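Two complexes come next, and they have one chain in common, chain A, joined by chain B in the first and chain C in the second.
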Partner chain A sequence: MAAEGAIRSPRAGDRNFRFTLIAPSIFVLLLIGIFPLIYLLLVSFQGITMIDNDTSFHGLANYRRLFDDARLWESLLHTLIFTAIALPLELLLGLLMAQLFIDHLPGRQVFVALLVLPVLVAPIVSGATWSLMFDNRFGPINQIFGWITGEEMTLLWTISPELVYPAILTAEVWQWTPFMFLLLLAALSAVDKSQLEAASIDGAGYWRTFFRIVLPAIWPVMAVAILIRGLDLFRLFDVVWALTKGGPGTMTETVSIFTYVRGFQQFEISYTSAVALLIIVLLSVAILTALRRVELSR
Partner chain B sequence: MSLRRRRAVKLALRYVAAVALTVFFLFPIYWLFMISFKTADEIYAYPPVWWPSSLQLDNYLVLFRDGDAKTVWNSLVVAGTSTVIAMFIGTICAYSLARFRTGGEHLANWIISQRMIPPIAVVFPIFLLYVWFGLVDTYIGLILLYTAFNLPYVIWMMRGYILDIPQALEEAALVDGYTRWQVLWKVVFPMCRAGLFATAIFTFVFAWNDFIFALVLTRTEVTTYTVQVTHYFGGQSNFWAKIAAMSVLGTLPIFIVVGFMQRYLVRGISLGAVKG
Partner chain C sequence: MAEHAEVRTAGPRLLGRAVIYALLILLAMYYLAPLFVMVSTSVKTLDEIRAGNLIALPAEITLSAWAKAWSSACTGVDCSGLRGNFWNSVSFVVPAVLISTLIGAFNGYVLTMWRFRGSDLLFTLLMIGCFIPFQVVLLPMAQTLGWLGIANSTTGLVFVHVVYGLAFTTLFFRNFYVSVPQEMTKAARIDGAGFFRIFWRIILPLSPPIITVTVIWQFTQIWNDFLFGVVFSSGERQPITVALNNLVNTSTGVKEYNVDMAAAIIAALPTLLVYVVAGKYFVRGLTAGSVKG
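What follows is the complex of A and B.
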């Protein structure tokens, strides 16, 4: 850190320099971050809907409604289900892949460069791609299942209630496992080799070495990766939008999709403001707690 | 001999696994690209055709003829402009945070936490305000939002890069009579050139790949390519050829650009947590 020697201001005119530097950024962040927040708060106490521009004071009516809105809490549950399944899967698969590539392997650089590509695809495009893959008639997935089972497959991946979750999770895990893989590969490469050798001389087995030496060494990176992916999964929107739009019914509706539908299709302006504030408050608490525990960029 | 053989078998097995994984992760991308070259007959063939008979470009020509390809241009304008602005004001802010510890850890943490709020919660009030100010479906509206959205990332990343460079040169330049701004421009920026470049690329990619902001804040004039892709999903049938071709137009540039940036990838996507 710069703790040892921040440049001391040698001339009087420099005093305001550091504030001049942050001014434009802070201005933009406040404009887009704080100003709308205040506006949200204001609107959430009113009663504006598509048909009624009612700006009178409604007190906590919209907030009370939050608690009775089963669809909201279900969407929160769906989001948590996606997160609870996708996050550990991505982490585990990413770790296994990183283990595979940590030792010398001819052409390793090429493999890594290729494996990274899914991360760079726009999530909405990745959703579109998987809807091509899952097409019941013209997609390759039913075709492959057909080869395996020997009979014609016409599974409706984006419509059948029992298949939509596997379909969305496949797309999600496909896109972000490489992210975990890349970060964990970098972390594994940085593990102190001499410690590993020492452990092997002492006769420590693979698992013992892994839990006692490797895991503690890669944990800081792992924690950051979990934080980033966890927050990304909480805002899950694009892939679900492309594959199911939250359907069938509201079966795969995430919090983001719920908010979008309420705000931009049903135009329940005031109620959506309360929902958005709820999300912001929940997440802010989670983020600030997590940031205090995770060593990000130190 | 047996030890050598065991090693060879192990390497071969790892190789097989590596190839299988690569096939799994690349196949959907292959499928997307390939569909964009197929004729309608091939796309709607049952059983599916696994490679196109020829690399015909009709699906792309249609996009250019109908003007749909302009959405890629819109993406370029908003992502490009917002990147330039965010990079400039973000980097000078990062310099202040890194060198003068302005605001301490709290300010830095607050800034990065701004980026982690779900976009849908942010974009809803922004939309209401934009309606008020007539900024919906304008370049300025989108550019402003992407700039704000990417600023925390730029500040956070550049703060890390600036902390990495030694301070002695800046002090020497000050002693030589450079002004503060000259130090920034002639010493600091050149020294973290690689970091600037890498951060700019990822800032650009985030804006380029965004869907939800563009979905909410565009109508017809500044539609970006990600929104355009979803226009081809119909209630009854989907226009697979257009979906695929439009997706490729938006994806290929990113693949090419980041292909040259491999070295910075890990640091870029881990918010600087891994120096890689």
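What follows is the complex of A and C.
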């Protein structure tokens, strides 16, 4: 069929080519879009666990379990806490750094080059490094606190309930603020200089200029950066896993860790499918709300 | 900012500068300290680390921790270092990067130059693919790999990363090709040039910048991945990120901080190397992906 078309007119041949080429993408869409939904839906109504490959119809049993599972809702809460603290911190710190660097300070180039490193290294590498930084016996963080307080510090940063969140957030913000910084620096450099000069001549102060001219100009980039980091934080896994494995207990367990533990360590396949579907629903609602916000504010 | 500073008097200006530099020094410490500790710890002896000052420069430099991390450190029961896992990573990252970039280029080409009914819809759907959280695809993907008979194999990891990376590579190429004037391809079509001829003769010669950006982006993403590696591979087949995590968290024996850090640097080296070779493209990739997307 394809050969026949190719002989009659090159156009028809091209048409076949392009569908052949686009086919992998359609396959991918099916594979990461539609197939998982169908698979998860089917499996979530069954009772598959590690010891029991029970594919009979269990009705809504797994969904009913969702509501009683405190550990699941806590993991959602932990994820929200990480996101709610890390995202604004990364944004503000990144913006501050971009503002500082828009002036051509001495050493700017070197510093920018070094700042890219955290974004480049694997989160698991960053996690390994920070677990040494926070080491209770030899870690530099305790050492520095020791210098400040004048007595020896042996704080258990990755074990003490009141210290694990600051420790994880420090590593997370360390790694991803430079991402915000790089994007915002590019956006700030693209702001129309003549507008800034005009504002300065009109006697507008720093903050006024920032909110009236700079912020609207960089907002599209900022919105995308927030979206990307927000979604990334929602699936936060590596750095938490490297530092605390979700502990102490399940205190820092995120949704990703919960899903991993339930699905791939305890092999509660059916129940995890129900969890995954719940995540899709929650995330869709969150994204749609966020997009509507952005659209309205334009 | 510079303009405002000039209008103000010298006093606040000096104070402003002092505040700025104080901030910069603090930020520099926050950002550079871990990098410094990582490198200096990796070349120290264990005795020196035990003596307790990780912030100090190494008294004597030794590469024994590096050698051990590479070829004889223990992760679990296996004591052959990270060497094998390093090459595991290379063996699935390279094909995954090449394949996802190639298909992304074709996708971008078709979606901009050979539009068809539903091509915009297809693109929108692919973009949603960028945002699907990992947690959701893990179970169905494990099932798919099982059905295809490529579970716990290099092929399986290539497959997973290609599938998951396609949305991004398509986005990159599509956004790049959108700015190529349609007249160029139209003229070529009137001259009788076909689909592949136009791609080879017109589109590909324009593409090196976006190919570089995409390759660097995909390389860092796939090399740095941990979750897919830990879920879809086991034992000897694990990528270096998983092995590093096992090494650092091994609870048996003496904790060798210098070996941990040497291993961490080894795991980070390929991405750093890519950055040194083509750093400006990486930053461009970050900004291109978000500014245009």
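Assorted remarks:
In the analysis below, the second predicted complex is superposed on the first by the 258 of 298 C-alpha atoms of A that agree within 3 Å, B and C clash if a C-alpha of one lies under 4 Å from a C-alpha of the other, contacts with A are read in each partner's own complex, and residues count from 1 in each chain.
In the analysis below, a contact is a pair of C-beta atoms (placed from the backbone, for glycine too) under 8 Å apart; a residue touches a chain by one contact, two chains touch by 3 or more.
Computed from a prediction, not measured in an experiment: that's the story for all the values here.
Contact with chain C, but none with chain B, is seen for A:E197 once the two complexes are overlaid on the shared chain. Residue contacts after overlaying the shared chain place A:L117 against chain B and chain C alike. When the shared chain is aligned, chain C comes close enough to touch A:Y206, but chain B does not. Contact with both chain B and chain C is seen for A:T272 once the two complexes are overlaid on the shared chain. Of the two partner chains, neither chain B nor chain C is touched by A:L92. In the superposition on chain A, A:I102 contacts chain C only, with no contact to chain B.
Applying the stated contact rule after C-alpha superposition, one finds that A:L291 touches chain B and leaves chain C untouched.
Shared interface residues of chain A, touching chain B in one complex and chain C in the other, are 10, 14, 17-19, 21-22, 24-26, 28-29, 31-33, 35-36, 39-40, 43, 97, 100, 103, 105, 111, 113-126, 128-133, 135, 137-140, 143, 174, 178-179, 182-183, 186-187, 220-221, 224-225, 228, 231, 234-235, 237-238, 241-242, 255-256, 259-260, 263-264, 269, 272-273, 276, 279-280, 283, 287.
Within the complex, the chain B residues that touch chain A are 11, 14-15, 17-18, 21-22, 24-29, 31-32, 35, 43-48, 50, 89-90, 92-93, 95-103, 109, 111-114, 116-122, 124-129, 144-145, 147-149, 151-152, 155-156, 159-160, 163, 167, 170-171, 174, 180, 205, 208-212, 216, 226, 229-230, 233, 238, 240, 243-244, 247, 250-251, 254-255, 258-259, 262, 265-266, 269-274, 276.
Against chain B, the residues of chain A that register as touching in their complex are 1-3, 5-7, 10, 14, 17-19, 21-22, 24-26, 28-29, 31-33, 35-37, 39-40, 43, 97, 100-101, 103, 105-106, 111-126, 128-133, 135, 137-140, 143, 146, 174, 177-179, 182-183, 186-187, 220-221, 224-225, 228, 231, 234-235, 237-238, 241-242, 255-256, 259-260, 263-264, 269, 272-273, 276-277, 279-280, 283-284, 287-288, 291, 295-297. By the touch criterion stated above, chain A contacts chain C in their complex at residues 10, 13-15, 17-19, 21-22, 24-26, 28-29, 31-33, 35-36, 39-40, 43, 96-97, 99-100, 102-103, 105, 111, 113-133, 135, 137-140, 143-144, 174, 178-179, 182-183, 186-187, 196-197, 200, 205-206, 209, 220-221, 224-225, 228, 231, 234-235, 237-238, 241-242, 245, 255-256, 259-260, 263-264, 269, 272-273, 275-276, 279-280, 283, 287.
The residues of chain C lying in touch with chain A in their complex are 1-4, 7, 20, 23-24, 27-28, 30-35, 37-38, 41, 49-50, 52-55, 103, 106-107, 109-111, 114, 116, 122, 125-126, 128-129, 131-144, 163-164, 166-167, 170, 192, 194-196, 220, 223-227, 230-231, 241-242, 244-245, 248-249, 257, 260-261, 263-264, 267-268, 271-272, 275, 279, 282-283, 286-287, 290-291, 293.
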